[in-house]
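Labels A, B, C, D, E, F, G and H are assigned to the chains in the order they are written; within every chain, residues are numbered from 1.
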Amino acid sequence: MMLNVYLSGEIHTDWRAEIEAACEGLDVAFSAPVTDHAASDDCGVDILGAEENKYWHDHKGAMVNAIRTRKGIADADVVVVRFGEKYKQWNAAFDAGYAAALGKSLIILQQPEHDHALKEVDAAALAMCRTPAQVAQILRYVLTGALPG
Amino acid sequence: MMLNVYLSGEIHTDWRAEIEAACEGLDVAFSAPVTDHAASDDCGVDILGAEENKYWHDHKGAMVNAIRTRKGIADADVVVVRFGEKYKQWNAAFDAGYAAALGKSLIILQQPEHDHALKEVDAAALAMCRTPAQVAQILRYVLTGALPG
Amino acid sequence: MMLNVYLSGEIHTDWRAEIEAACEGLDVAFSAPVTDHAASDDCGVDILGAEENKYWHDHKGAMVNAIRTRKGIADADVVVVRFGEKYKQWNAAFDAGYAAALGKSLIILQQPEHDHALKEVDAAALAMCRTPAQVAQILRYVLTGALPG
Amino acid sequence: MMLNVYLSGEIHTDWRAEIEAACEGLDVAFSAPVTDHAASDDCGVDILGAEENKYWHDHKGAMVNAIRTRKGIADADVVVVRFGEKYKQWNAAFDAGYAAALGKSLIILQQPEHDHALKEVDAAALAMCRTPAQVAQILRYVLTGALPG
Amino acid sequence: MMLNVYLSGEIHTDWRAEIEAACEGLDVAFSAPVTDHAASDDCGVDILGAEENKYWHDHKGAMVNAIRTRKGIADADVVVVRFGEKYKQWNAAFDAGYAAALGKSLIILQQPEHDHALKEVDAAALAMCRTPAQVAQILRYVLTGALPG
Amino acid sequence: MMLNVYLSGEIHTDWRAEIEAACEGLDVAFSAPVTDHAASDDCGVDILGAEENKYWHDHKGAMVNAIRTRKGIADADVVVVRFGEKYKQWNAAFDAGYAAALGKSLIILQQPEHDHALKEVDAAALAMCRTPAQVAQILRYVLTGALPG
Amino acid sequence: MMLNVYLSGEIHTDWRAEIEAACEGLDVAFSAPVTDHAASDDCGVDILGAEENKYWHDHKGAMVNAIRTRKGIADADVVVVRFGEKYKQWNAAFDAGYAAALGKSLIILQQPEHDHALKEVDAAALAMCRTPAQVAQILRYVLTGALPG
Amino acid sequence: MMLNVYLSGEIHTDWRAEIEAACEGLDVAFSAPVTDHAASDDCGVDILGAEENKYWHDHKGAMVNAIRTRKGIADADVVVVRFGEKYKQWNAAFDAGYAAALGKSLIILQQPEHDHALKEVDAAALAMCRTPAQVAQILRYVLTGALPG
């Protein structure tokens, strides 16, 4: 058994690298959105031409990024969505809903202060983690049956 | 042609009633989540028994509410998701993602200050509206071909 | 909103009638397997001819009953599965798995002594109830937003 | 042609090893749930934190195990479900129903005393076997056309 | 519960009328192909213009008939396929395969001399009947739980 | 049997009315795009606000119209696509491809001078007609078995 | 591009070998049912135990063979079905219907005397061939664009 | 991450080669229809025998080409459709609709004079490009996050 894992959500800390490091040696293929914030915001207009209206500037970029996001989620066995401390992060919740509707195994990574606000998202998940290490431990257990410690 | 329309998201203003009133005479069947905030929060424990741990209290409620939410979205031709001024509203974004993955026609109702944060959600929608009246005008046009004014 | 509800599982007590009575006035259409035990066991051979081998006797009946069971589950929005005190009840667990794979909202009705044995089944459900009254309260809440008491 | 085969059900005897040994040389990839009973029961709390309530202890574990189970069944061409002599084994019947709804080729491995109780499960299967050797013979025949003896 | 039943296959005897008469009072909606042999053969050229080549003559007719056949099977809960004594009846077997792939409940109506030739078709069915009366008895049992006499 | 029929394509002649008149008395529910050319072009900006850029003007309108088009095709049993003498009519061909991928029964209505250019579209259809009368004759035959004349 | 091709139908001549030889050098993976007639008839009872009743003897075999057939068709891009001169060949027509419902590209290989009887089957196909060489030419053209001669 | 990209539409310029060259080093597998115009027109009759009627000549060819087209689109993550300056190009629009209905990420490559005529097609796309270089830049960004310049 091998797992395709898509790492969605917060892009300002190194949680993806932490999970990947902790999964060393496991048969996991990780994918993720483009995590360079500026590139992600401007990809639409940089490639397809400038827009005067900021709404269409954003729109073109969001649609180009959707090519990668949809591919990542569609191919995934497990979708991990991390909610950070800041920002609205509606794209993270959108990805969670998208993955849930496709029947993907969903893992949410969040802090306790968001428990109430995320209750509908957690209710669609198979695991709610507090740390990247826990996500990695789940992936290790799922693939090998080995528990931590 | 008749339309099933699910009205997801913000529950603190009367935007649903506004849309419904403005659609008078159209062949539209509206559905929505339970919009009584307290009932929605406590339905799990009120029916299925108290939980000491707040996380499971919320979890039981969110799962009971999911029975209604999933039915509403699954049966809908059009899913309207409104983002209000306050709160995280991750359940709204989750519903939008869920509806998008099922191929539903998505209409987003939001204010300009959220345009950037909602760009991925808008990119999956067929219309982005500023007012409930616009949503109703779209539904009227879709069903009858009549434009406002 | 109206709900199609399939009532699967135990056929020796009147739990179905209890739920139906408690849902009086709600827009719910109930369906269920044939609950006459003898008819259910013998329908295959009674209609299609006797079998010397008990295995094929059972097989013919189980396949005829499957026409009804599959229709009931396929049309349902909510599948309620009750596990009673006695018997193996593998058909109940089979129906639960079948419904889960189709993405139906699943409600399990069971007693505490089976909690451990049913943990995988419960993990696929949106509610675990102890009494038929709780099932009816959930259906009432889902349809009307009204909580008990 | 190669086959992905998921081996579900009873975890107290070495039937999986028997089948795998008897399939030596065939192009079959086997998968299975975690068969370490203690690990399987405690994986949820060991990784995600203790629960006072036994129900949630079990629930967290069952959901983590579901990540593996669903992946195994989703990827399988053939799902073999073994029912042993003891225990309720509702998870085995649940897996059978889940696999049937997904249209997987189902093979049931059971003893005659369970024939009547398993008639609905058998009715959804393409083969009912008494021994692991028979399961292996079927896989060999399906892949090579060779019959035993 | 009500059933949509598509009656496919042999068109030279009145088996459809027999089943329909025997289902009097049941909540069943029957559909069927056009059973006027000449109309069925010539509908393509009669409506769309003559063809010199008999192959295209037949082709145009078969495609027009497919509009009705596909609709009938797609809407059906149960597909009954009758194999008569004469002719190749490949369209009947084709319909059976088509219905099986869509997961429809399949009932085969045939005589014993065809048992061996129809074994693959029967293996996909939930019932194999010898008489129209048996088909009606199954439909009555499925809808009401009542067994014959 | 009743048929849902979506009438896609050319909007400058009265072919839809011709078909509907010729189907008088049949159990057919017709749907179609908005056929008021000006309304169809401007619906986006009329409802959702003006755009300086003609591309986005068109885009907003096309997306609002898609709500109706997708609903019409999704609900249809039969999709009729008419190609007229003028214009590019890429939306007609797009609808034909969309309907084909969903497995809808497709009828093409076109003139001989377009036969070569439409060969891929025709190859996905169950009938190629020259006149609205032929379309109506097909619908009448499919529903009643009656042939013209 | 590579193609998975399933070769269904007649098992008494060497048409499969002819096609495979003529496809030498192409990126095609062929699969087929077990073509040893005796093994195919007896696989059920040889592995799973004798049956007194010939119907169940056949039934067990047909179900074991279905494991291979369904896998072959499900994995195929192209399904070729050959109808020979003799026998009822209902399993061939069943496979054609099954493949058509799954949206597989269907190629029929048959002689002119069966044109009328196979018109519904041909109407679901993308090519009707008279010789194995033609089937191979189609596969070569599809993969390389090269035409014969 | 790797991408399967199907390049549909115009076959008279070397836009496909341009994109492929500009994607050198990326993990992309390209596929396309047969782009030899004469072979594409005549493949049906060259392999399967001449037709007197030009309509059937075209029809046979279009159906053989459909084997390749459907495979290419079904396997693709991204479908690029180019509309050139000349011809009706209804097959290009048909492919776009087909891909959209399957939920493929769609990129349209077109010139400004077609913007209005293609507005429905563009509305289903995630990007509208003016040059093959832009298509390649999108694919590079999607796979690596790198922007041009």
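Convention: a residue touches a chain if its C-beta (ideal position, glycine included) is under 8 Å from a C-beta of that chain, and two chains touch if they have at least 3 such contacts.
Note that this is a predicted model, so its numbers are computed, not measured.
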Of A-H and E-G, pair with higher C-beta contact tally: E-G
Interface residue identity across copies chain B, chain C - same or different by half: different
For chain A placed onto chain G, the superposition rotation in degrees, Cα atoms, nearest 5: 180
Intercentroid distance (Cα basis), chain D paired with chain A, Å: 31
Length of the line joining the C-alpha centres of chain A and chain F, rounded to whole Å: 40
Cα-centroid distance, chain A relative to chain C, in whole angstrom: 37
For chain B, residues that touch 2 or more chains besides their own: 63, 66
Touching residues on chain B, where the partner in the complex is chain D: 51-53, 56
Chain E-facing residues of chain F, complex: 1, 3, 77-78, 105, 107, 126-130, 134, 137-138, 141-143, 145-149
Chain E contact footprint on chain G (complex, rising order): 54-55, 58-59, 61-63, 65-66, 69, 83, 87-102, 114-124, 128
Of all residues in chain H, those that touch chain G in their complex: 31, 34-36, 39, 42-44, 46-49, 60, 63-64, 66-68, 70-72, 74-75
